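Consider the two complexes below, in which chain A is the common component and chain B and chain C are the respective partners.
Let's look at the complex of A and B:
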């Protein structure tokens, strides 16, 4: 786990890390990776990948509209809005 | 040097469900901003997504139509990235186990058939909409679209020109609208496409570096954007440089593609299984139900129309290509009307009225019942086919009952032989020169006399009766 990887990961997660934090997190991440790496020794040939540990399947919903507009409540709980929209810093693409 | 183009398309079809993929908020287009947003769409803590049964049904119906494999157990993954119109910070998609894998679509390029293989079609949720020009220093977000179900249809890189890409897109458009999987309205973004374009020397085994053109939303722009990109890449390669792998946007105003703002880091979506969603299992019974309601596809319909009703191949193809038109035609035929006559009017007169207004038949004022009346009046000789066109035009404007129009405007066909003989005598008397020429062997003039009689009767004369009576009069 080198410095550059930690910087990339923190950028992707939009986390700003100071120098002390970065060092601590690098160690933490290394420990986690070492811990999980033990699994690499297991032979997983012929084992179907498991996407969920619960032995259940997803319930399905009928395609009927039941949700009502809560526009005002939602807009007013955001940091900034006008009467119709959520407002965010200018995004230029 | 000669170059060849390799294109793969990723098409996003918005599924025509009532509610979102994971919430029971409405997906209706054009509603008041942020009025169709649920707690789940906002990604508020403590809420759980629940899958929409109908979205799966539609995805499977598409899969069956392209003869793909259906994964009766499929799973959802998270694709992580930050953008203001993606409230959760990740998009739920199907990376590892998509609902549909494989299959193919036949396209027609200038009369030649080609088969394009499909890699996969998976379910995912749409993002919200960002609006950048409402305020000088702010962007605003409408989340009505966030969570709308999309079927992303990924083709193999087997498309070799902009023209083929358009044919593929048209074939896909016809199929998804016919299956009632997607409304196909490209201007509302219901069907949009990303094109992966690369160039290589003819004969090279390896693919060249590709660029991805994002979010093209019309047939015309697909052709223009791809053609621009092909020319641009050839120019880059021929000048000895390399094509950069990047995402580009098509600017229809300038007719060019240009790179999207280059990212500091390459995209890294860090996909992982969504722990909020269990595997979705479609039972054999559910599969059977979907199969049993599977509609007859255009090609099968067309063949059946030709063999069962003996209608023209070109007419059969046009009618069967649209779900609305074929329904309309089938209702008319089930009501014991003459299939050839019905097909003829639907493709001819009604077709041009539909084109003129750019609408579908069920959006017009012509009801099936009224069309039945019109067909019956032609068959029973009350009106001529020519008059039927006048009546159709009137129905198109007003939606009035065909019988009412016939009665009010006195359009009943003239069958009365005495009346017709009177008109014929008048025509013969006022065209003595033509009568002489006709009698001297200019047979073609017969049509002229028919025309004159029709003119005198404002098109109301029964054509068969006119033919018989004219012959008798002219040959006497």
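Let's look at the complex of A and C:
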């Protein structure tokens, strides 16, 4: 876990680390990765990965609309919106 | 009449006999909260709660929990009531809907008095990562209440409310219940709906309850749990009435002790309490069997790959666009994302997002994430094997009693080991609970009971029988001048 790796994953996660905290976070990440590294020595041959404890297939339902449009309620939670859209800084020149 | 430390069942009886009105009950609750020093609540809902109490007193509301004030962890969305999840990024978030758990409890007639403090996005074991300040343990205000549901645990422990909701992703109900000297239960993964719960790690998150005893937890669970079409992992099996089997005889029942959990490495008081609790169960006719769970030692490293991976994905939704905090003075959309997230999330949340991003990134996915999912199956198989031999599994809930505020914040791994005994149940998805069973250094410690899939009734039965033969759950903190 070097500076370059931390910069790459910070970019992927869209996070910018404060300069004064960067060193500590890098060290913490290194320690955590070291801590979980013992899994790498584990013999997992023929073990099927488990992604959900219930291992259930998602239930199916009839394809009918069950919810009402609540556009106004949801738009009102936005930091900036107009009557129809969430507003963001201009993306096309 | 003092309502402090009364159980849910006791308050129900007082309301039924009209010895107290719901209005008095709710009013008294807010008075107690205002003089509390634990910082258990982030947001209160006094006006709405008092109005609901009036409605009950006028005979307009009925239900199993009618007229009873309770608290909701601030991770559950509450319609028109601010829901922060302990984070700055949701400081002004007012959900347009109720979580299913909130809806269920309100349909049963309970009255939500407010939202309890918690570790930011439920990431923490001490409640110190909350943007809204650390919660203090009512038993010693210099110590942590545990986490992440620290506010709910402290509020029940201090007698502000008789019941509160919590969520448990790696121990976030059981560890704070233990450290605050109360009872807390996490049902089987999928038994309670996750709809409207702000997601941390979706394959581990589960809602549950805090109360003063197992009987009250059973009553609460009857309403917290439900099959919900809005949650694709919700269990549709018939749900028991959790009070039905609470008085079953424990004669001949088998309790598993995990061979690989080295109790002898814990402090003497924790060991002694464990031995004394074994004797109580033996006196009730239960037998102890050693079960070997060779992969359980992998639980903490497995969790710290799986949970951050899921968290990094879930928390990508916070981008400053649709809801939540938006940074000022940005030049473009990319900067809006980066600045809003960087200013809105705290350090522990950032750490976990970064770990998750790392273990999911190209080149590392197989070495970390896939490997952790494989070890997760090995841990689950250990539970399946163990439950072919025993009815329940017993262990301490946490390695020690409540620690001093600030004493573990520098080293994330030391904090992660707080959940040594609790994490495996989340990885496997089995139900588990913590009940008070002694003291260490004058502070409460908890006993964990783990059950097989959908056997909440059984662990509640064991816990209730234990509590009928012990008095640890009657112990309350000395609140000094604040009471």
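Convention: the second predicted complex is superposed on the first by the 87 of 93 C-alpha atoms of A that agree within 3 Å, B and C clash if a C-alpha of one lies under 4 Å from a C-alpha of the other, contacts with A are read in each partner's own complex, and residues count from 1 in each chain.
Criterion: a contact is a pair of C-beta atoms (placed from the backbone, for glycine too) under 8 Å apart; a residue touches a chain by one contact, two chains touch by 3 or more.
Because the structure is a prediction, the values reported are computed rather than measured.
In the superposed model, A:12 lies in contact with both chain B and chain C. Applying the stated contact rule after C-alpha superposition, one finds that A:60 touches chain B and leaves chain C untouched. Looking at the shared chain after the overlay, A:51 reaches both chain B and chain C. In the superposition on chain A, contact is made by A:35 with chain C only, not with chain B. In the superposition on chain A, A:71 contacts chain B only, with no contact to chain C. In the superposed pair of complexes, A:92 makes contact with chain B only, with no contact to chain C. Taking chain B and chain C in turn and counting the residues of chain A each one touches, the greater count comes from C.
After overlaying the two complexes on the shared chain, residue contacts for A:82 are found with chain B alone; chain C is out of touch. Common to the chain B and chain C interfaces on chain A are residues 8, 12, 14, 49, 51-52, 54, 56, 58-59, 61, 70, 74, 80, 86, 88-91. On chain A, the positions that touch chain B within their shared complex are 8, 11-12, 14, 49, 51-52, 54, 56-67, 69-71, 74-75, 80, 82, 84-93.
For chain B in complex with chain A, the touching residues are 17-19, 23-26, 32-38, 42, 50-56, 73, 75, 80, 82-84, 96-97, 130-132, 134-135, 137-143, 249, 260-261, 264-265, 268, 270, 273, 275, 277-281. On chain A, the positions that touch chain C within their shared complex are 1, 5-6, 8-10, 12-17, 21, 25, 28-29, 31-33, 35-40, 42, 44, 47-54, 56, 58-59, 61, 70, 73-74, 76-80, 86, 88-91.
Every residue of chain C that touches chain A in the complex is listed here, in rising order: 93-96, 189-190, 203, 229, 232-233, 235-236, 298, 300-302, 304-305, 312, 316, 319-326, 330-339, 341-342, 345, 347, 350-351, 353-355, 357-359, 361, 367-368, 370-378, 380, 411-413, 416, 427-430.
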